[in-house]
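Below is one structure; the comments refer to it alone.
As written, the chains take the letters A, B, C and D, and residue 1 is the first residue of each chain.
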Amino acid sequence: MNALADKHVKVITGNAAAAHGARLCRPDVVAAYPITPQSEVVEQLAKWHADGSIDCEYVTVEGENSAQNVVCGASMAGSRAYTATSSYGLVYMYDAMLNTAGYRAPVVMVNVNREPPGIHAVCSGQQDMICVRDSGWVQLIAENCQEILDLSIQAFRLAEDHGIQLPVILNYDGYYLSYLAEAVNIPSVAEVDDYLSILKTQPKRPTLIPGQGIGCGSHGIGPGFVEARKKHMDALDRVYQMVDDIDAEFDQAFGRGYGGQLEAYRCEDADIILVTSGSAVGTARTVVNARREAGIKVGLVKIRLFRPWPIQRLARVLKGKKAIGILDRSLCFGWGCGPLHMETKAIIPTIGEFIPMLGFIDGLANMDITKEHIDKMIDDIYSASKGNSYQEVTWLP
Amino acid sequence: MAAKIKKLPKVCDYFQNEDQFSSGVAYCAGCTLELHARMVSKIMGKETVIVGTPSCSAPVLNGQNAAAWHKMGHYACTMTGVASSATGLTRAYQKAGTDATVVCFTGDGCAQDIGFQTLSGAAERNEKMVYICYDNEGYMNTGIQRSSATPYSVATSTTPVGKARKGKETGSKNLPLIMSLHDIPYVATATLSHLEDYAKKLTKAKEKSKEGFAYVHVFCPCLVGWKIPMDSSIQVCRAAVRTNFFPLWECEDGKYKITKEINKPKPIADLTQLMGKYNHMDEQMLANFQQIVDRRFNVLQTLCSI
Amino acid sequence: MGFIKENEKCLCETEACWSYSDKLLLCLDTSSWRTQRPVVDYETCNCCGLCFVFCPPQCITEDGEKFTPNLDFCKGCGVCAKECPKGAIKMISEGEYADECPSR
Amino acid sequence: MSAKEIRLHGRGGQGAVMAAKMLASAFAIEGKAVATFPMYGFERRGMPVIAFTRFDTEQILEKTQIYTPDLLMVIDPTLLSLPTLFDGLKPGGVLILNRDKPLADHPSENLEKVGVVNATHIALCEIGRDIPNTCLLGALVKTTGWLNLTSLLTALGEYLDGSMLEKNIRNATRGYNETEVQTWDL
């Protein structure tokens, strides 16, 4: 295991890892508004800014809506722009997020997952990212502190790629990851510069330079609107391959790869699969390992790319399995199940066969997704795989 | 014997540019906003980036697909996001060392209402930009609804004249004064009847924006919404100044000054009679209105005496 | 909707909606809005230039000699006539000119 | 040594969260895998706070709260009366306690060992304020022997500098030296 003897390894929180990730990518403009449990990110960046150890414009805005508009504007003027938020803040910037996506501004944003408004809860939960699912952003989800840092770097690489030009949200669980301190390997700025240097070899995206008669955000009139939307969808299509590729590049450069769009953990010979995302994956790995030792052929799919949804790769992993369970930390209102569950159901035609699917809703509002819970889920999936009747959606605890 | 042009009016001395707009653009015939927009484009210089929102100006400021209506740099944004988007642009140019004058160009609906938070926030941070609010006293683009800039008693489609109520029951928010209390380098009011005063102020605002936030509040009558004859908009501007309804003043580095002193202010009825939106006013309402105008002017005079 | 196909010419060369004034500057035929036109009586005109500065679409031109409304763009609002201190500009109904060839 | 789980109980402002992080860093210095996180909603001075620290020779994958701790650290003596304090404590469990006197009775049947130190008193002497957290970390080192004092003192340097670092090094060292260990045969 990593030791602090290696001077690049530090015990830091998920939030600090996110801040380091941003720092290493050397953003030109950072704008953010503090919110629990994200505040540590903006505080850390502010501290580095005050120390003069990061060279950026740091805008202490008066609300998240402004934060999003600042980074969108800065990005369109050619800056590398970064913001961070959570929950109420995320939904407060919704109109501006749509703008950012429509402008194809390659902004990178960290969203520290927390329950959004409705029932007040200063607690973990992934409902916030579900609220902005259809905003046209790319959405990634991290499992642990190291991945938060690594994925921050990958997010800039992805967002700014000339073939993509889309804003990216990096999600990670509030509390369970935001405040979790683990040993994290922090690369050097030079290493990250090197990894991102490929962006400099690409054609320049259009930027709003004064005096050149350029306008940004014209009215899409008739076919112009349709064309812009179609291009956006096409770019999202290109994200699949790009996410796999840049993760492989990252593995080569830093020795840490994560599987791209998703990680299929012990899935190859598995009869049953549990699909989940975020911090719950770590706990699920330990349970899967234990059940494997007990002779149950169970595999685990970790969703890293939530938008666009990894249709093809997920379908390939799930094909031929006897039963699938999906663990959600949020709700899909109107479907009576969780969003990952609903999206997995939607790829049944791509899988090409019917497989029993069991949804589990757990981890709302800081409720702990325990090993016991996951054990029970695997029991249920296993039972369904044997042809027994099953409950389609189970709420835990 | 026909006269020859000896010299052009003084306001022309302030022009840095040709008119940057296309000759034919979609403002109503006789609209002061068109004159305003063209003046801004002449005065603000080459490195201007105009930040605008959905409003009467959007079909003129925003491009259409790949084509444009004017030659300035332009950024379209949401109603809430004018000052914040402009902040993003300003900071990006600062970081890159690019010369730029970022000019927010919005109506009162955005500045005073939905975008007020971001305006106030950007002013408090003293962002280096010019913010020009064209005040047409309501949401004119969407069908003449009231805004917080709509004055007392005005009939709009959301404050109509009925049996129980007659127009807007409260007065308007005094935004230029509020902005001056943000301790920013420059705040001014202007209107299109007093063009030299206006040009001077825009020029000063541009200079001051190198130091920080400059705010210019421009009284801009809307023919349709205010029920004014097509040829009379400039007259209405002039009457607004002469009645002290819209005094011309500036506040430079905390020092307030009336730039156009009115020796014998006219009664407010001289203004209201020019417009259909005040048609329902009775004596009592006029007296109330006069009181509001006098009170606000007194506050301004007091500030100018400091 | 042919442009949606791969490799086909698009309306916008970029991924998003950017406009370029040097490539295409749009222009409305605002002269068609007009129901009356300004006619200057140059005997009365003292060349003060107020029409020139107050004209909302800024379509009055000057050539060093005199001020002339550009009827290609004049919307016929009448602000120039109203603001003229000499009363040298009259707004005349377009009906009077209906038989003339269009000015452009 | 296999995996150990530690639960820290303190009050907002006493540095329970910081102590948990420092402890994690100290284990990391010794080459262990570590994971630590607090669980609270609002950050309020005086409100009871829980923090969790895990360390292991293997990579730590689980992200759950700690339900069956090997060790409890009680930073505020008044929290000893918390009815849920000993919930889940593993047999052979350890308690690190900030208190001016040893325990008079055996509070939990799974509790084998208690390290008691008057950390509030020591912190007031050494730091001048009631920040007993680093003193209790010294007590943990002494009571358990799970890590070396030097690792702990090195770890403090990752979070503190200048005179605060010196004061806390003295605070931790006195914690190590002045801890009284009580044991029970289970």
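Keep in mind that, in the parts below, contacts are C-beta pairs under 8 Å (C-beta built on N, C-alpha and C of every residue); 3 or more make two chains touch, one makes a residue touch a chain.
Quick caveat, the model's predicted, so the values are computed rather than measured.
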item	value
Between the pairs B-C and A-C, the one where more C-beta pairs touch	B-C
Chain whose mean Cα position lies farthest from chain D	C
Inter-centroid spacing, chain C versus chain B (mean Cα positions, whole Å)	23
Chain A and chain C: spacing of chain centres that average the CA atoms, whole Å	53
Distance between chain centroids, defined by C-alpha means - chain A, chain B (Å)	44
Gap in Å, rounded to a whole number, between the CA centres of chain D and chain C	80
Shared interface positions of chain D, touching two or more other chains	none
Touching two or more other chains - residues of chain A	212-220, 224
Multi-partner residues of chain B (at least 2 other chains)	62-68, 71-72, 74
Contact graph of the chains (line, ring, star, complete, other)	other
Chains that touch, pairwise	A-B, A-C, A-D, B-C
Chain D-facing residues of chain A, complex	1-5, 9-11, 13, 36, 122-123, 144, 173, 175-177, 179-183, 279-280, 282-283, 285-286, 366, 368-371
Chain C - residues contacting chain B, complex	11-13, 17-31, 33-34, 42-43, 45-50, 52-59, 62, 64-67, 70, 72-73, 75-79, 81-83, 91
Interfacial residue positions of chain D with respect to chain A in the complex	17, 20-21, 24-25, 28-39, 41-43, 57-65, 67, 158
Chain B - residues contacting chain C, complex	1-9, 11-12, 19, 22-27, 29-32, 34-35, 38, 62-72, 74, 192, 195, 230-235
Contacting residues of chain A [partner chain B, same complex]	28-29, 31, 56-57, 59-63, 65-79, 81, 95-96, 99, 208-221, 224
